[in-house]
Every structure is written in C-alpha cells, then in structure tokens.
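Next, two complexes with chain A in common: one pairs it with chain B, the other with chain C.
Coming up: the complex of A and B.
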C-alpha cells in the first residue's frame, strides 16, 4: 500500500504527515506525534485506555486506521489541560482519589468527559453505563464514579468550585487526613511517562521469539538469517549469557532465555534488537529453532505421580515446595470431635491484568554501568540477580523503577529485564521492549490455581477441635514465587482461629503450564476461601450464626498462632463487630433462610440488567 | 420469584511485610532550602498511593505541608534500599523508616534553633512550614530556619533503617515468627441470584479492616474497593484457561474482567488497632482487602439459592447447573 499524505487537526493544531494508511491512529499519535498520554492497554478495543475524540465522538484509537480519520478533528487527553490548568473533571479525579496506578485514567477521563457532554445531569447509574467500555484494575471504580458525580455537580453549579480544593491540616497533623494524591495531576493529564512512553536517542526496538511448545528439547538455534538482515543490530540467545544464568524470587531456576529445553508455551527463546519494531518482529521470525517435543505435564496431580516426566533436574519429584505446619495430634482431634466435615475446593488461575503491559529500556552508561528502566516491583533483588547473570559487580548494575501501571505481584519477576541488559551490552545502544497484551498474558505469571481437601472436626458447641488441610497447587514451569506463596498459604490458611490440632500441607508443583507467581493475597486467598466457606457449612450443620462461630473460635489478645507465635493484640473481634453492625446483619443460621425477601436495605447499588441504567437518563432529561 | 437475594460473610487475617524472613528498609531525609524537604528511598508508586502516604508522614514529622515534600526516584544507584513494592509492606516498612529519618533531620534543625533562641529544644514546634518556640515570640518560616542552619554550617539531614524481628519457619512443624504485625478483616456481601440465568450480581459489600493506623483514609478505601473488585472478578468471571499448555484466553476479549457495571457498592469501615512496635502504629491493607470477598460472596449465593459453589469461578452456567441439580434432588426427595 502506498503512503498516505495524512492531515488532521490534532488538539487544535493542523498537522500533516506521511503515514501508512493502515497505521493505527493510536500509533500515529503516540509514535509520530509523541503524544503519549493515551495508552495502549489491549490493542483490541476492550480496555478503553486509548480513547480519544474524533470529531467530538469518543473512539478507541487502537481500532482506527489513520486512513479512516483523514481530515478529522482529533482530541487526545493532552487537549483537556492544554493551558496547564486541569479541567473540572480532572480536578475532580484528583480530589476524589480516583486514580491509582493511573494507566487507565487518561482513557477513563476521556470517557467521563464524553459522558458529561452527552448528559450533563447523568446520575450514578448512567455514569456507570457510559464508562462500561473502560477497564480499571486498581480502583474498583467507586472513586471514579465519585469523581464524575463531583465534576457534574460542580459544573452544574450544585456544588461550589472550592469542593475541588485540597486540604490544609490543623496544627500540621497530616496523618489520618485525606490529602489528595500528589501523583494524581500527572496521571489525570497523561503527563506521567511509563516505560513504554519513554524514548532514548538512537534507541533500538526489541522483539522476543517465544516457544510454541509446552515441553521440548532445543536441538539447535540458527540466528544467521536474522543477523544478516539490514537494520538488525543484535540477536541474543542463552549463548550470550556471560554469567550464572538463572532468576526467580526464591529458587533461580529460570534462564534469561530457554537453555537446552523449553518448559512452557510463551517462554523466551531468543531476542532481537532492530531499528524499528516491525523489522525486529520479522527478524525474530527468521530465527530457526529445531525442537524435539517432550512429554508434557498439564496438571499438578499428574506431575506428582511416580514416573512422571521430570521438568527440572534438581526436582525429580516435580515438587517446587512443600510447607508443613503441625500442631497437636490431628487424628486424636478428629476422634474427639462431635462433627467432622470434609469438602474439596478448587480455585482457578487468574491473570493480573494490570492495564500497563510489561515494558522496559536498557542502556550502558558512560561508566560502563548497565542500566535497566522498567516497572519492576523489586529492583533491589533484580540487580543482585542481573549482576550474576551478566558477571559484573553490583555497582555496575543499576535498576530504575519506572511508574508502575498496575503490578499486583505480577511485576516482581525479572522476566524480560535480563534480555534488555544483554541486548544493550551487545549493541552498545539503548534498547526498548514493549509487550503486547497477548504476549503479557501468555508469558507472565498467574495466580496459583489450587485444589484443596479440607477436613474440620467440631465440638457440638461450635469449637474447632481439629483441622487437616491439604492444598496442591500448580506452580507452572518455573519456581518464581511458588515457595513464598505456599508458605503464606500454610501460615494463614486455617484462619485466625484457635485450633488445638492442626495438620497443614501446601504443596507447589512444577508443570508445563504458564508459571504461577506472586499475586496480591499470595496463597492466603486460596486457602482462606476454603476455610471461610467451610465454616459456613459448619454453621448450617451446628445451627449457628456465621459471626457466632467465628467469635467462638477466634484468637484473642495473647493468642498463640499456628506457627506458635504469641500475638499481643488481636483485632478480629473488633472487625467482626464492625462489619456486623455496619451491614445491619440479621442474626440467623447459615443456609436456613434462602429465598428470603427481607434484604435490600441501605449500602447497596440497585440490581439492574444491562442497558437498564439508561432509562434513568430519559426521565432525568424530561425532568430538566 | 426469579431473582433471589442472600447475604454471606467471611473473616480473614494477614501478615504485614515479607514473610518468614527479616524485612528491612532505609531512607534519607533532608529539610531543604526554602523549607521544602527531600525524601530519598527505594520505593515507587505501584498505584497504592505510597508517595502521598510518605509525603504526609514526612510533612507530619518535619512540620511541613505534603506538597512541599519531594520524593526521589527509586533507583538502586541513587537511593538506599527499601526492597520490594509488595507484601503489604510499603506503609509499614517505608512509612516507618521515613518517619524515623524525618525525625532525625528535624532534630538537627531544632537543635540549631534552640541554641539560637536559647530555649529548650523540647519547646520547639514545627508545623505547616513554621518553626516556633512555645510560650515565646520566636516564630519563623521553615525556609528561614534552614537558612540559619546553613549559616552555622549545618545541613539538616537524617537517615534511618527499620528492620523486623522475624524468623523463618521450622522445616518439620512450621513453628516460627513470620511477621511482627498482623491485621484482621471481615466482609459481608449481599447478592442477587437470577435463578433463570444463573447470573450473580453483587450489590453491596461491607468491609471492616484493621489497618493499624490509617495515614490516608481515602487511600485505604481505594485499596479496599480495588481489592474487593479484583476478588469479585475471581469469584464470578475471571478464568485463565489452557489447552495443552496453550492459553485459550489470550486477550481481554476472552479473558473477562469486572467493569463499572459489575461492581457493588462498597462500604468500608476502617478499624485502627495500632502496631505497638513501629514508630507510627501503621500496618497495611493492600492484600488483606481481597481475602474475605470470595467466601463472603459464595456464602451469600448459598444464602440466596441454597447451592454451595466450591469451585471458582461461580459463572452463570455453574450456578444454574447447581440450582438445577438441587431442584432435581428436591424433586426426587419429594417422590
């Protein structure tokens, strides 16, 4: 296709450029105009962070080829605070605490601006409907709705403009005060630069070649065709690693790029640095890898069977980590119990889905220091590992943490920073890698799926007498945080209850699935889901209110935990009281009142079907 | 009636900072020219609001306004180690260490002013950008006080380190001291289950969490709200699926996330049981916020329609199948 003489009015200025007709509007504004306020979150029109106005209409710029918007008036997030002063809506986002990581916020602000332009009197339910095309992974949306309502009321004169101001604390006491977030103005305006927004002079673009096999021996890698391509400045494989090749949060079992074999689909095998991203992708495709597929393991139970294929030589039983906790005599405890309940619980793998896909830059500075800039959640540990991998002293390795567009544990793993460092060293030029959403989902850690068998013995009065808890968890192809997740799962899984006899086992297992790793609530979520559901079952059997059974069993000040630690102060009683009171809990036995029609008091949103919220606005408009 | 309501509850506990290992963090502080402040520590925002929390703590300790505090970038070559952004450790580890470093910087400035005014240092107060001595007419701006310090050859700086008294776990019985601070939480969920489609709407969640001491209550609410909605995603819709190691949920069109239309009204109740060990009494909220949500929702579904979902997520298909199975059982029992 021949190039297009493209012109448009962008943020009020006429611009003319040569563009490929198929170039996405998002890339045009970000790469050609360097307007990086609007982000790419998914590239598929699902997340909304790329939302801009085209002739005043809210559109997802990742779905629009520039040829479709020839001559149009395009407004990006940068258009809203052009004079430097934030719009009312942006100020309201700041005041309401509506931004957290900030990556979705430029798109969210655009969508909210559109909502209030379409209906300046939109109520909360209509606001929700109009923001339905924009995903936020951090805030739970509530503060975003608050912000849009605040902006609406200020714009309509129902609230004074001073409602948007910050606070001054009396006598300088700033602890316990709702100080507005200091980073919010940069986020609501799109000014904050995440790693994928950063440029360096003479920068090369990186593309990673990934494994199509779950488990296969690598017989050969031929990079010669890729290296011969004009504009390809560096190609690396595991052969380029000068030091000890291994990373991981607990056990360093993962090479920077696959060595001898691949262990999951999406594992990095080689990487290319080239003058532009398209060329880098083409060069990666020109690398020839010969694989010999190996029998693969796709669930943890199979991996534990005797004679199962071995994924890591150091762990011939495929066990990454087993954490036991023992208190008292659990069999004796069950024998003494009046009621024993056994149940199985399964939890699934979950994607972190931070809106910012992984991205990073690396360069070698004037002193020979290898510098990596990325949204890493653990630069301290990363620099220790990278120093060993590239065989340099720690002082010659520097990690800079760029703003993190959502992490939730998923950015604790040094999954790509090693490749960036090696390519910067090999080419002598700055390099940048930006993951696609698909690459991020396929290659990075997930929440550990789990299978739990839980047996609890109770006395007739509700006291827990014995607990046997066994969780088997699929850790996937590499160790990452599995050991820590198993540990936290074991320590916390039985809950904050007095349990005289406890047998707890959490077992993380290697398979050929996408690796599992750190994820907010880190094993405690899976295990406490089982325990807290189990207690509800027990309530029904024992004729107890669910708050009551927890009060009967809860640890109190001075309690000894399952790991035999003395606790000075235990606040479980206070939080039970607070939740019971705030919710207006109706005392009763679990499971003996379903189908009741006594609910629906304060503190709820209305129950609605999709689209029903718009009905409200026709009424509203008629009223105005 | 096709739609039935129910309520469920669940409790949780959680440990603060790194698990079963010694955690530590360091910070440098300086009261700077013009009465602003610099805080340098190895930490960056991952969205939770830690930069604002640290600015509040430094402002509180030094007697400045939060907007006068500049926080240096997280850079292993330019900032002291504060380790990782995770484990519900930032307010606890880094908040406490910034308080300690700020106190040291302030003490240097206070000493200079006490000598100059010939008053007891304990009578000197620093608030909102001013320095004054109680029961005297001495009152100057923080900027002026810094000038006085520098004329006397003193740069008001401080540094501090904060570590935990923790141990690993015994390999045989798991005994040990994994954390020095624990938090507790409890949530109630109200749901509406459509018995024709199996769809579950979570309409309200009441969440009571002990956070030690809330530095920024709105930030704490933000963590609770975000955590609950992430947990709601795992409870009802999210599911990363693989077929022979290849994902069948490769993008957001297939991997379904909660949107603004799915979220309940969240009612947060902040409970403060201060940590007796750290200088601020703070603990944390990031991770515990999402622990009780899933069982509270599942228990609420049971309360509404009498089916126990023990395998996540509780998709409409799964809930509907469970309802039908229960109805069949009832029908058989009736025969």
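Coming up: the complex of A and C.
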C-alpha cells in the first residue's frame, strides 16, 4: 500500500498529512483531523450528515475519495463560525427550534448555507429543493425551513437582527410555552460529541461478525486466524461471557452473542477489537463459523401453527406474550347489535431510521469499574442487566448516556453494550464500536408488524355494543419490548370509547425475522389504526358523521376503562371539538363526498412542485 | 467498504493509459466515484478490494465542453450539475436540465459525471434516454487509437457496454436541438436520490404557429434492458397537427415495450401518463398555440 502525500486548505489552514489511499474525505476530516462536526449517517450519499464545501461547492464527503480533493479548499461545519460564536443561519436554527436530536443538523446547516449562497432570495420551495440531499428524522423539516427563511430575511435586511435573539422569557408555566433549547448551540455548531465522535487514548476499534442465517445451529466457531493477526487485540464469542448471558426489556432471552444457534440474519456471533477499523473488519471476516441451517419462520401465523419449528426452548408454542382482556359477553353483544362489521388490518415492520447509527465506547477504569458510554435510552436497566452478564457487583458497572442522535424507542435495547464491556475487560484497553447504517438496519429492533381481525357490533344510533379484537404481532427472534408492546396495545387499542362487551387479545409471537421492539406509540399505532378505520367504515354504513360517531361513543369524566382504571377527567370531547374546528371539517357522512375545492378539484391534490426552479420557463435558472 | 492499495489521479490521457497498462487486471476506472463507493457496501458488492483505482475526472480531454447550433461535444467527466448551470448546454439539450433537476441531489450532481452514468449501463440511468434521442455518439480512446459508436450500440444490457480492456470513454457528441421544447418524466420512491422505475425524455419542435409538430424525439428507460428511442411514436407525430386526440393516440403506442421483471402493470400505467404529460409540457415549452392544448387537458395530465 502506498500512502498519499495529501495537502489541502482545511477551514482556512494549510495542512499536509499522509493519508491512506482508501480513505474518504469524511474519514480524513473526522479521524485524522478530529473535526467531528460533520457526521456519518449512512456512508452511501443518502443522508447528507457529511456535507462539506469543496472549493466552495457543497459535496458529500462520504462519497469523495480523499485523493480526489488533493490541493482543494475544504470547509467543514467548524468553518462557519469561531468557537463560541454562531453564524446567522446557526442562530436561526437555534431560534426556530430546528435542532432536535441534532445529528443531521451540521450537514443541514451546511446545505442551508450553500442554498443561501447560491440564491440569497431563495423561496421556501427552492430551499426545500436545495436541501433535498439532506435527511432529518425528528423535525418533519418545517422548523428547518422556517430557520432558513428567517436567516434569509435577516441577511437581506427584511427582518431585524434582533429576530435571532433568544426566546424572551415568557411569564408563567403552561403547555406550549416557548423555551430555549440549551443544547442547541452545541448542535448547530457541530461541537456536541456523540458516541461515534468520542476518542480515548489507546482506543481499539470493534467490528461484529453477524449471522447470515435466519435460523441455524452453530456447530463451531474458530477464531484462531483472527486472533493471530497482528494488531488484533481481542476476539470474543459467547464463551467469554462470565455471568448470566441474557438481556431483554421483559424476558432476558437474548444472549450478548449467539449461543448454540442464531435466530435472525444480522445477529451478533463474535466481535473483534483491533488497532484500526479496517483491520477489525478483516479479522472478523477471518473467523470461521460452521452453521447447520434450521427451518426458519418468517411470519407470525406460521409460527403459531402446531408443529412449527421452535425458536426458543422456553416457549414451545412460539408465543412471546398473550394479553387477553374480557369485559361482559361479546357474543351476546353481537346478537343484540343492529350492524356487525368485520375487517382485517395489517401493518408492516418500520425502521426507526434515526440519523445516528448505534455507537459506543467502553473501558475499565482505575477502580475496576466497567464503564459503557452509549446513546442508550435505558441506562439504568442496562446497568442492572450488564452487572449480571459480566458477574460483577452493580457498583462496578457504570453507564453513561451519550447524546442520542435520534432514538424513537430503537435505542432501548442493550444490543451491543455487552460486547463492548466484554472487549474492554478482555483487552484492558478502551474500545469503540460504530455501526454502519446497514448494520443498524439489519440488527436492531423494528416496529411490530401486525395482523388484526376486528369485529364490532353497533346499534342503529351508532353506539358500540361489542368489540372482538385480535392482533397477532411478529415479535421477531427475541423478546425485547414485545411484552410491553402487547400490553399497551391491549390497553389502548380499543380507543377512548365506552364498550360494554369486549374481547381483546394481543399476541406477540417469535419468528426468525429481525426482532421487533419499542417504537414510539408502542402498540397503540397498530391497534388504533384498526379501531379508528373501523369507526370510519361504520360511519359510511350507518350514515353518520365521523366526529359524531366518536362523540356518541366517547368516554366521559368518571368513566372506567376496560382495564378497570377510573378516569377522573376525559379530554377526548375537547380534542374532537378542537380537531373539527381546526380542520375546517364539513359535516357529513364520510365516503359520500368527493373532492375538495382547496386541493385542485375533484379528487385531486395539486402536483408536488418538483423541480421548483423550473416552475416558470421564463425564469429558468440555467439561463443565469 | 472499498479498499485499494493505490489511488492514482493521472493528469493526462497518456498517463492514464500508462497506468492502465501497468496495472492491467488490477484496476478500476473511477470518475465521480458517487456510485463506486456505495456499491462496495453490504447489500450490494460488500467489502471490495481493488488494488488500483484510476481516477480520470481531472484529465483535460474528459472535461471538454463545446456547444454550437448543430452539435454538442461533452467530455465524459462533465458533472451532471452543468446541465443546470450552463445556459448554452440547457438550450442545446432541452430535456437534460429537466433530467438533471431530478438526478440525485445538488451535492451528488456536482460530482457525478455523465460518462459515469453511461458506462454504469444501468437500465434506469437517467441521462441515457435523453442522449439517445439526440443521436448521441460516444468516443472511445485507447493507447493505440480512437473509435466512435452510437450510444445505443455502446449500451449492451444491464451493466454491459462495448468498452474493451484498455479503453476509456472520453467524450459524447450529439445533436444540438435549440428551439425544441424539452421535458423529462421520472418516477421513483421519493423526490431526491432515487433510482427511476421508469423515465422518459422528450424534445419537441413545432412550426412557427405552434400548431404542427415538425420533429419529436423521445427516449425511454427503466422498463427494458437498454434505453430505447421511440421512433415509431416520433414518426407518427412528425408533421401532424397538434391535438389532444393525436397525443392520446401516441401515448397508447409504446405500451408493449415494458419488459421489466417487476411491477409491469404499474409501469404500463405510468408510461401512458408520462407520455401524455411529457408531450404536453414539451409542446408547451416549444411554444404550442394555447388554443390547441386546452387547460382541461393540462389539468388532467400535468
């Protein structure tokens, strides 16, 4: 390998270094120059967290071999303002509340900077288009566009600079009060260090070997070739776990690394700590695992069939958790009903898609305390589980929560922290693991896919008489939060309605799919999608307005829920009134009115303004 | 992850050919590199080691740009963004700015090259349907000489081209079509950074009154192994009076071209819609008489 003599002007300073020929510009600025403001969200040019200026042109540094920018002028997020100061755009991002998890924000600020440099008068549509290469998961973009418009107007003198000042202290405490985000300056400037940005002296890099099989017996694991490689400091498998090997939010059914068999594609089998990330990757590839494939299950219904392959010995029926709730007598209720409607509702797995892929560091401190730093959404529980896994007293285990670059429930599970702890203990050195985007998608929890059969009996006036609700959810290979999701689904799924006769069953099932877990709304989304859609269908059949059927059935102050909870106050009435008013709802039976005047005519929405810059031929920008 | 032992950036064609000869069988050519790096990741090629990467993006011959009233000559390393910021190019190749604005995003367009998009030979490559409608010819150079090939003969199938060992695609030459109205229709999963399920490029010239189609050029990609020129539709339209009925008849003609392995029905549906919308917008931009293309027609398709 012949190293490159690389020189460039980075953030105004001339630098000359030796670079590796395979390095990308992103690796060079983050690893060699320790400019960690720009992030790696996907490594494939999709997300824009790595956007930097190359000779004044915005580019994605994950797609640029460093040799390509030899001699160029490179400007990263760190170039936009001096330490402790913020550019107009950065101040506008702060003011508008445009930074939430913050991980996309450095790239987003760079793209916004580029947009206003190219066209200082860009309108909102053009801003949207010019930010089209940058993805944000938290904001829904509106606040980001607000921020860019605010900065544009301040720069152009249309708004006073005082518009960028902090939010004035409002009197009183109430929901909806504006508060200034104290972490925003560190996020808009790129100074905040996420776990993948952190360095420790003498740190090793971790790579995980993952299962290519959905369900297979592990016959043998041979790590000798990997261990013999120079620069490889530690290799671990399940054999390195000293304590009780199991984690999970409700049932501890998942080993730190696969034990005896693998249960999904992407499950960790072994992990390597080495002097550099490329070497760790090569060493992991040198580990030989012999598998004997087993019949695998890819949907929950198959898993429930008698004689289906068993995924966990403790659950021979493949049921992770069944929550049954019974109120009254549903069959009697259906018999009394004027109208009975039965429908099926399916929802699919959904990836959380936070911009920050999982990352973490671990080390053993001077007192022998095992310390794990990671964007975990549940550090206290992780600490208790890890203490058992590594057979140490709780006082010898410490978890530090690093800034979470988006979680949405997806970072509740202790998927990799156990491996980090074991490698730190085995090597005696700090270790760091940073997931690739592909790894993050393959190995971490998803929203539970669900199949719901819903039967509802109604009286002619719209009152619900009986509900039979059965949801079968694919929990994937391990329990994670499945039990909690099934509980919440059973509690919330029938909606805030008075239902005299109810039969509710939510069933989480093991399969060989990627595990399902926590995801914001936690089981309510799947079930309420079914219930609320069902009510709309009932409206069409009964000739009722959709708001009306909900008012007829809603719980009121003092109601008792089907789980016997007494509700002192119930707000659904006020919520319905507000939603009806705010949406400009035109009263009537749903499904019997077509077209809305404000959306471009009968049944149509106006076309999305694609290629906004060509909206009018006369001002074709290419002619500039 | 893509790894290499050497990353070479030859400054001249001669240096590039020397490097290719010295590392025969051990190199890969890169230009923009915007597809090569994501290609070497899990789910596509996985970890790939290529001993030598030869980056040709800075070679002067690959960065030529010449435009006159009749012909356009573009170096293969011309960045896609140039179709948006070079007014002369936009005038000579009226469908290409419309294509470019849908191509990846601003940042990738500044780096991705027209030659790279061609040699990748993806059935869904966006520039190819535009270029074949301009009778594009590619220039292929090796240490021993130069040859030219029509673009539609250069593209042999998904990922396959007529490029031989030791050869480089250096330039593209094609018809300039100033005065034509251009349009480009594409659909994928989202607005930015998406591979086309189907894409269509249109260039249309009308008579002075904006009522008769004097010439039409239509390229289609994404639904068949290589992009195709819709010559039968072009011939059908040429010399005819522009009318709603004419466009509808034309839109129904190419439906049997869909050969994709998946979503055939969907692709046929969108193909018809794209034909209508593309023809209407291209004709409008070519100066169609507003009386001929009714606002109802536009509302229905555009």
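Basically, the second predicted complex is superposed on the first by the 586 of 624 C-alpha atoms of A that agree within 3 Å, B and C clash if a C-alpha of one lies under 4 Å from a C-alpha of the other, contacts with A are read in each partner's own complex, and residues count from 1 in each chain.
Note that in this section a residue touches a chain if its C-beta (ideal position, glycine included) is under 8 Å from a C-beta of that chain, and two chains touch if they have at least 3 such contacts.
Nothing here was measured: the structure is a model prediction, and the numbers come from that model.
Asks: Classify the contacts of A:281 with the two partner chains as first (chain B alone), second (chain C alone), both, or neither.
Replies: After superposition on chain A, A:281 lies in contact with chain C alone.
Asks: Considering only the touch criterion stated at the top, classify A:117 as touching first (chain B), second (chain C), both, or neither.
Replies: Neither chain B nor chain C is touched by A:117.
Asks: Considering only touches as defined above, state whether A:541 meets chain B (first), chain C (second), both or neither.
Replies: neither
Asks: Looking at the overlay, does A:496 come into contact with chain B only (first), chain C only (second), both, or neither?
Replies: After superposition on chain A, A:496 lies in contact with chain B alone.
Asks: In the superposed arrangement, does A:68 touch chain B (first), chain C (second), both or neither?
Replies: Only chain C is touched by A:68; chain B is not.
Asks: With the two complexes superposed on chain A, say which partner A:460 touches: chain B (first), chain C (second), both, or neither.
Replies: A:460 sits against neither chain B nor chain C.
Asks: Of the two partner chains, chain B (first) and chain C (second), which one does A:488 touch, if any: first, second, both, or neither?
Replies: first
Asks: Please indicate which partner A:305 is in contact with in the superposed arrangement: first for chain B, second for chain C, both, or neither.
Replies: A:305: touches no partner chain.
Asks: Check the residue A:46 against both partner chains and state whether it touches chain B (first), chain C (second), both, or neither.
Replies: both
Asks: Under the stated touch criterion, name the partner, chain B or chain C, that contacts more residues in chain A.
Replies: B
Asks: Shared contact residues on chain A, chain B side and chain C side combined as an intersection?
Replies: After superposing on chain A, chain A residues 43-44, 46, 129, 132-133, 438, 442, 600, 607-608, 610, 613 contact both chain B and chain C.
Asks: In their shared complex, at which residues does chain C touch chain A?
Replies: 1-7, 9, 30, 33-34, 37-38, 41-43, 47, 53, 55, 57, 83-87, 89-90, 97-98, 101-102, 104-108, 110-111, 191-193, 285, 299, 302
Asks: Show me the residue ranges of chain A that touch chain C in the complex, using the header's touch definition.
Replies: On the chain A side, the touching residues are 1-2, 4, 21-22, 24, 43-46, 48, 51, 57-60, 62-65, 67-68, 70, 111, 114, 129-130, 132-133, 278, 281, 285, 436, 438-439, 442, 600-601, 607-608, 610-611, 613-614, 617, 620-624.
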